[in-house]
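In the two assemblies presented below, chain A is common to both, partnered first by chain B and then by chain C.
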Partner chain A sequence: MLTLTVDFARRFARNRAALVGFVLVVVVIGVAVAAPWMFPRNPLRIVGRPEIWPFVNPRYPLGTDSLGRDIAAMIAYGARTTLLIGLCASLTATIIGITVGATAAYFGGWVDEVLMRFTELFQTIPNLIFVLTIVSILGQKIEYVTIAVGIVSWNPIARLTRAEFLSLRDREFVQACRAMGMGNLRIMFGEILPNALPPVIVLSSLVIAGAVLFESAVSFLGLGDPNVSSWGRLIGDGRTLIRTSWYICAVPGVAIMLTVLALNLVGDGLNDALNPKLRDR
Partner chain B sequence: MRRIVLRRLAQIIPLVFAVIVLNFVLIHLAPGSLFDVMTSEQQITDPSMLDQLRHTYGVDQPTWVQLVKYIWSVMRLDLGFSYRQNAPVLDVIMDQLPATLILMLSATAIALLVGVTAGVLASIRVNSIWDNLISLGAVFFFAAPSFWLGIMMTVLFAVKLGWFPVGGMRTIGTDNGAFADALDVMHHLVLPATALGLFYAATYARVMRASMLEVLRLDFVRTARAKGLSSTRVTLAHVMRNALFPVITLLGLQLGTILGGSVVIEAVFSWPGIGSLLFDSIMSRNFPMVLGVLVLGSLLVAVANAAVDLLYLRLDPRIRPR
Partner chain C sequence: MNRFSRRDFLMTSAGAALATRLIDPARADVEAPKRGGTLIATWGGLEPQSLFVPAGGGSSPYFTSTKVHERLLRFTVDLKFEPVLALEIKPAADFRSYTIKLRDGVTWHDGKPFTADDVVFNVMEYWKPISAGVSLDALESAEATDPLTVVLKFKAPVPEFFLKSVLAGKSGLIIPKHIYAGSNIITNPINNTPVGTGPFKVKEWVRGSHVEYLRNDKYWNPSLPYLDRLVIRWWRDPASRSAAFEAGQLDIGTFNPIPIPDIDRLAKGGKIIAETKGYSNSAWVATIEFNQRREIFNKREVRQALMQAIDRQFIADTIFFGRAQPSVGAIHSSNSIFFTKDVQDYPFDSKKAAKLLDAAGYPVKGGSRFKLNLVSAGWFEENEKIGQYIKQAFEDIDITVDLVVPDRATSLKRIYTDYDYDVAISNNSGSVELIPSTTEFYTTDGIVKGAAFRNATGYSNPKLDEVVARMAVETDERKRIALAGDFDRLASSEAPLLPLVDLEPVTIARSDVRNHSTTADFMGESWAELWLDR
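Here is the complex of A and B:
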């Protein structure tokens, strides 16, 4: 196991872009974790003169917004929201996706047919419109945004899990399990799933990136949770001031872009490192 | 062939049916009665009107009767009535739909043009500076939120340089005939369509590059070269044509996302399409309109998906049935 891990790390590190992404992700996580120490007071509190440009006053390295709130503090706390929603939404999507995909492939026949039509349904509904509808009906709470984003993101995971399960379900080890009288659930999740998991994990990491973009769009439109600081909301708030203080929009956008970029690079790196076809190229 | 087209179109029906049922479930998920929210938000207090509405929405009947009624009314294209615009939901959406379609089509065109060109360039000069620059650009545009890109482009090209208008679809108070009007709309369209299209351009560039490299290795390309065809001709007529298939597949899969993306872009550029309509309706809690946009949006994607599938059938003789 240890050699496997070392081997994996070496392969991952050979991809320089993935390494850059990994470092960036660590930085974002670090900022999110350290936010309460770096900025012990409420980030939505007014600290100084409004619209101070970045790099002008060393106390507010990223400047202040239209109300005089510290942008650096809001960015740091926004990292927590972003990562939390991204992770939870991706987890939701992964759980739904694996359950649907695994059930469809394992049982086949009409179960497969019904579940794949169901998957198709969620591919047809315009995803952002669906998220906005759910949030507007259920209410602007961070939980609802997370669940809504998860509900529109499980589609590719279900398809991938199904494909993996289809290639595994008739293998000898599965037949052996059946011959031993193992139950369906135990075979599906105890025996087949561990073998199907690596590519699914890669996709889940990419779903986090997508979820971050979704969340930013929802809070940009002003439909996110008003009680948490969020990068998307910051951009939305700064929009009216683009003629004078466009940096208020620019800074959080860069934060979103770097985070999504880093997550994508790590996902690609994981894919290369786990994909047996590209091994030892 | 005709039977296949009909069968593919028939597959849309159960899908739309399912969307309607899902809509119904959403209505019933709402905390409290959606009917109460609707009537109070629209400030309807007249008892006779309330009764009529109660009858229209069938809130006094069992759930399954309500479901059947709801399905029946949507089947007759009755998506309800919007008291805000004082018009049927369908009419309001149909009024705004063309603007959204123009935006979506232009964004898709830009995405295809930029993405395919960049992908082809990168693939014929693998590992060159061009390839690296294109890959870098693709990585960035794939990560940038389109609404943010839109705002930044507005700052640069509209506010600082003044080349393009900040928002809207037409210059107010001008009437110089159809041609001038079309030019005016195109002028307003450049920034929103580009902001929306660049994300997809990044995706297509990556897919196109990989697909080109895949096809370039195939035997028929060597045959074409051996026949003495020029390398431009081989690249364009033989390789590119075959390498386009994954891009078309992706395009079909992403139509729903593009429609969703245009909602945000419309909000950024005050583009008067169904995105703006949806946003206003959410803000004013005009639920019949919100659900109407969801149903029609899904129908649009379902039809477009079918169209892409049929296009595929036409382009790729291998999957064409005999």
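Here is the complex of A and C:
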């Protein structure tokens, strides 16, 4: 097991960009975890004069927004929101996607037909509009945003899982399992899934990046949860001042850009590390 | 004297010309108005639910419908009445009947003549039951004595200023009898393509974008309107309106169309001006409303405590960048007739607020006194910031606050139809006359489920109703002012809903747009006299 992990890490690290991405993700996670120690007060508290530029007042290193809230604190707490939504949405999407994809491929026939048409139905709806619709129906709560992002992001995972399952379900080891009298569920999740998982994990990591962008878009449009600090909301709040105090938009914008970039790089690295065909490249 | 060179002379006269324009841009039209051109206009809000909303519906439909529907009178900047469709309105000696003489030769956009029958229909079928509500309670009958004369009869004396304000106000729009008779006025589909007597005819409404009006060539004043075409376009956010001004895609925007920090930047070049006139009869406020259907907010002590927890100077200075001031009482401070300072005030003092809540029976238990839902109406950007600030202010006195900022439609529904809020942040604009635009937020008969911008708190107090009822029939102006003071004092100390800050709205216009902001409620004016110097 240990050698396997070391091996994996070595292959991951061979991709330098992925390593940079990984470091960035670790930094973002670190900031998110440390937020309550770095900024013990509620990040949405008005603490100073509005529109203090970054690097002017050492107490507010990234400046204050139009109400006089500390941007650094909002960025730190925003990282929590962003990561939480990203992870949970990705988890939701992966669970739905794997279930649908695996069931469709394993059973085939009319089950496959119905589930794939259902997947295509979701594919044809523009994602952002679907997210906005769900949020405006359910309400402006962070849980609902997460669910909405999960619901629009599962279909590529379902299709990928289905493709992997299709290539695996008739292999000898599966037939052996059948011959031994294993149940369907056990074969699906105990035997086939571990073999199908690597590409799905790569895709899930990209779904996190997508979820971060969705959350930002929803908050930017003012449909996010106003009770929590989020990067997208900060951009949305700052956009009326973009001609005079552009940093209010720029600071969280850079944060979103770096995080999404880092997640994509990590996804690439995972692909390199998990894809057996690339193992000895 | 001989040292006074030609250059100096030119400088001073140019300076003087510039100065006149800066001081009074609306009066800079001593030159003859020019005909023609297309004006692109907007306001600091979003698209209306319908171009004309008979029961009110806020400023957005008011803005779009008043270019088509006219009124009998209008209100000038210095609070005098001017004739529009009526030539003269005279009270009888006992103030129990009024005779209205109508303008001759007015036709509807579809060519039918405008007559006294139309006015009778409006008074009895539209104003009294739908738009004016309580203000025409005393009305007994309306009768057309000849095609151009209408006599209104009342059960009780009706003050002249009050009646004229109603006729010149938001509820006094005149709609065609031949189109609306026999139908449900509120749901008639014609409300999306209204037909009126006004200077502009609706050409088309492209939803999500704009409404286009064409000049009414058969307008009763043959020299008006000056414009050929009027387009009201909606932008979703203030920053893009600001960009539209700079790109020359927008000529005039009423009611704070652009971010306040941008005003000085745009006005600096001289090509764009900022005008604060034209709002005296639609005095805007941001309000806080306490839902009386909730046990906690039904207690006056709680409402008073919460009022005291809010630093209104902060809202005025930081959120409105100084273009607002803390409200005093229930009446806007720009109301030169009825405003009074002699009311209960709520100076910011969170310690005292906390003590008041302790005394009212809501001590801190487990870190919180109670939890409330704060609904901040999402139609203005500033409301979200007010919501965020008030959340913090309440949390400072250990109240747990769950803030939501729904979009326009959802906000209207939650606050005015479903009453689904504990505390709400909303806005309204009142006329100089207090009945009904200000009083209907407090009186029992203002509780109309589904009617936007009325009494949504459910507050009901027979004493306050009584004061308003007496004011409605008092014909002596001085006594009316005294009654208005009584109303204001009651409303302020009861605080079911109170203005937080009085807004000072700004109209932004290109300097070649002339003759605007000339009446007491310019946004709701027909804009016939506006012209372009191009």
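Convention: the second predicted complex is superposed on the first by the 281 of 281 C-alpha atoms of A that agree within 3 Å, B and C clash if a C-alpha of one lies under 4 Å from a C-alpha of the other, contacts with A are read in each partner's own complex, and residues count from 1 in each chain.
Operating definition for what follows: a residue touches a chain if its C-beta (ideal position, glycine included) is under 8 Å from a C-beta of that chain, and two chains touch if they have at least 3 such contacts.
None of the values given here were measured: they were computed from a predicted structure.
Of the two partner chains placed around the shared chain by superposition, chain B is the only one that A:L265 touches, whereas chain C remains out of contact.
Applying the stated contact rule after C-alpha superposition, one finds that A:I242 touches each of chain B and chain C. Contacts of A:S66 after superposition on the shared chain: chain C is touched, whereas chain B is not. When both complexes are overlaid on chain A, the residue A:M257 reaches chain B alone and has no touch with chain C. Legend: residue contacts after superposition of the two complexes on their common chain; A:R117 is shown touching chain B, with no touch to chain C. Using the contact criterion defined above for the overlaid structures, shared-chain residue A:S136 touches chain B and also reaches chain C. Of the two partner chains, neither chain B nor chain C is touched by A:T99.
Touch criterion not met for A:N195: it reaches neither chain B nor chain C.
Taking chain A as the reference, the larger set of touched residues comes from B, when chain B and chain C are compared. Shared contact residues on chain A (touching chain B in one structure, chain C in the other): 136, 139, 223, 239, 242-243. By the touch criterion stated above, chain A contacts chain B in their complex at residues 17, 117-118, 120-121, 123-134, 136-139, 209, 213, 216-217, 220-221, 223, 232, 235, 239, 242-243, 246, 249-250, 253, 256-258, 260-261, 264-265. Touching chain C in their complex are the following residues of chain A: 42, 44-46, 50, 66-68, 136, 139-140, 222-223, 226-227, 237, 239-245. On the side of chain C, the complex with chain A involves touching residues 237-239, 242, 259, 261-262, 265, 314, 318-319, 376, 378, 381, 384-385, 387-389, 391-392, 395, 401-407, 410. Residues 14-15, 18-19, 22, 26-27, 29-31, 34, 139-140, 142-145, 147-148, 151-152, 154-155, 159, 253, 256-257, 259-261, 263-264, 267-268, 278-279, 282, 285, 287, 290-291, 293-294, 297-298, 301-302, 305 of chain B are the ones that touch chain A when the two sit in their complex.
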